[in-house]
């Protein structure tokens, strides 16, 4: 079972990532999985009305980061070391995006996860991403670690 | 020789990507290369003061997109189809980032480029990215095409 | 429903990719999915006895390629344009690997799929990969197209 | 200056990667760079005569691995953790491939490099790849570590 539930992750997000916390909502947390909502607003759109690439990247990164955090608890987490993302369909304007992710590896120094990004209510994913994170030694507890997009 | 120079790219950016144009500056354009500056501001930072992952992703995407545009001229360009990015060093707070990119393939339907991201004045790159773009048929001329991060 | 089943894919593999066909077995084909076995042999091992990176890359590429083929039928297919692969665990020696893949996008000119690679009988994946393919125009029918690893 | 030169790398390859050593030649080693040749033979080709994807993956991996080794000396090296590769042009049959790579980060626990793959004598790259490696603690000295494709 995850060490943090939806409420705990939401509280963590609000406290440690105040700058971006209001853009995201923790929808569900499970065993090595998480489901995070990007509350699409003006700032995420590009001309034409679709959600920008950086906004989708940010959603994938936050989603996998929170999924890892849910498993290991609110200790210091390392930084995002890499991301491979495929943009597959153009998201419609004004619809929230959902990042559905799973942790594939939770090692001592590296974690790997992937994320499918959906438009709320539609079945075909608009993007997919895989991300890797460098984890600090267990003893570390600095509160300054963060996802790439915190 | 590129079909668009620094001034032409800057004008294009201001007209077609007004939302983000003031974040970037076109520093140099060459044969299959471009050098773009991210004018780092509050909105690009995460807690702790380093530049966020999405901001670096956006810089890489804009830089390669503009480099392609410089070669083919201001016709409609297709969308970003994928990006692989490695975050290698933590950028210092409050320093502009420079995206130095090169086009490796400019095909009929696909373009590929890569980008090294530096802190202004330092030699070791903070990130590297490679990106692919799907190009529209030559006859297309819709002004609505855009980079993932437009 | 897929246009080709396990037997049809196996026959295609034997005819069009005779050089590598005996290394792989088509285990299952479904709606936008496929499950392919790498029959691990001496040639796939590196010193120490684990399966080599190129062998895992080849499995992922063949698996997604065959999954696409199963959906569209035995017409000419385009080439692999990119692959992002994460190596997560060291596979044990002498155990077959299974590539379980799904097609995430099957567009007019691009297809995207991903693949989890497992050791036969174990639950934790040893690698994950995402791949993109450039598809030829529907009218094309040259038999010379192929996966990167055909 | 690198800690190992062309002769030292060649000797290392022959001793520790006897299985694949005869496929590669160390052409040049420099400060954070290396240039490795894939001696293209029957086993690297796919139907139609072009070099297979796994063979290009193997070249990129060996090239960056040897470039790292040249910098740190013949101590135990960790495994390949990820690779993102773009296939950009179809290589002609029967021509050797050259992997020209550079190390972008050589950290305490992670190294990052990239590689352009050329056909011998031609200027346009046929592929590009970026790779990451997990490095063992300095004290480790097991001779069993290896590149993904050793």
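A, B, C and D label the chains in the order they appear, each numbered from 1.
Keep this in mind: contacts are C-beta pairs under 8 Å (C-beta built on N, C-alpha and C of every residue); 3 or more make two chains touch, one makes a residue touch a chain.
Bear in mind the structure is a predicted one, so any value in this text is a computation, not a measurement.
Visitor: Show me the overlap between the contact partners of chain A and those of chain C.
Guide: In this structure, the chains that contact chain C and also chain A are B, D.
Visitor: Would you kindly say which chain has the C-alpha centre located farthest from the C-alpha centre of chain C?
Guide: B
Visitor: Tell me, please, which of B-C, A-C or A-D gives a repeat of the B-D interface, judged by over half of the contact pairs matching in residue number.
Guide: A-C
Visitor: Between chain A and chain D, what is the separation of their C-alpha centroids in Å?
Guide: Using C-alpha averages as centres, the distance is 33 Å.
Visitor: Taking each chain's centre as the mean position of its Cα atoms, how many Å separate chain A from chain B?
Guide: 23
Visitor: Which residue numbers or ranges of chain D touch two or more of the other chains?
Guide: Residues 81-82, 84, 86, 132.
Visitor: Quick one: which bits of chain C touch chain D in the complex? Just the residue numbers, please.
Guide: So the residues of chain C touching chain D come out as 16-20, 45-48, 52-58, 61, 79-87, 90, 144, 146-150.
Visitor: Show which residues of chain B lie in contact with chain C when the two form their complex.
Guide: That would be residues 81-82, 84, 109-110, 132, 134 of chain B.
Visitor: Considering the complex alone, what residue numbers of chain B touch chain D?
Guide: 84, 86, 88-89, 104-105, 107, 112, 114, 116, 124-125, 128, 130, 132
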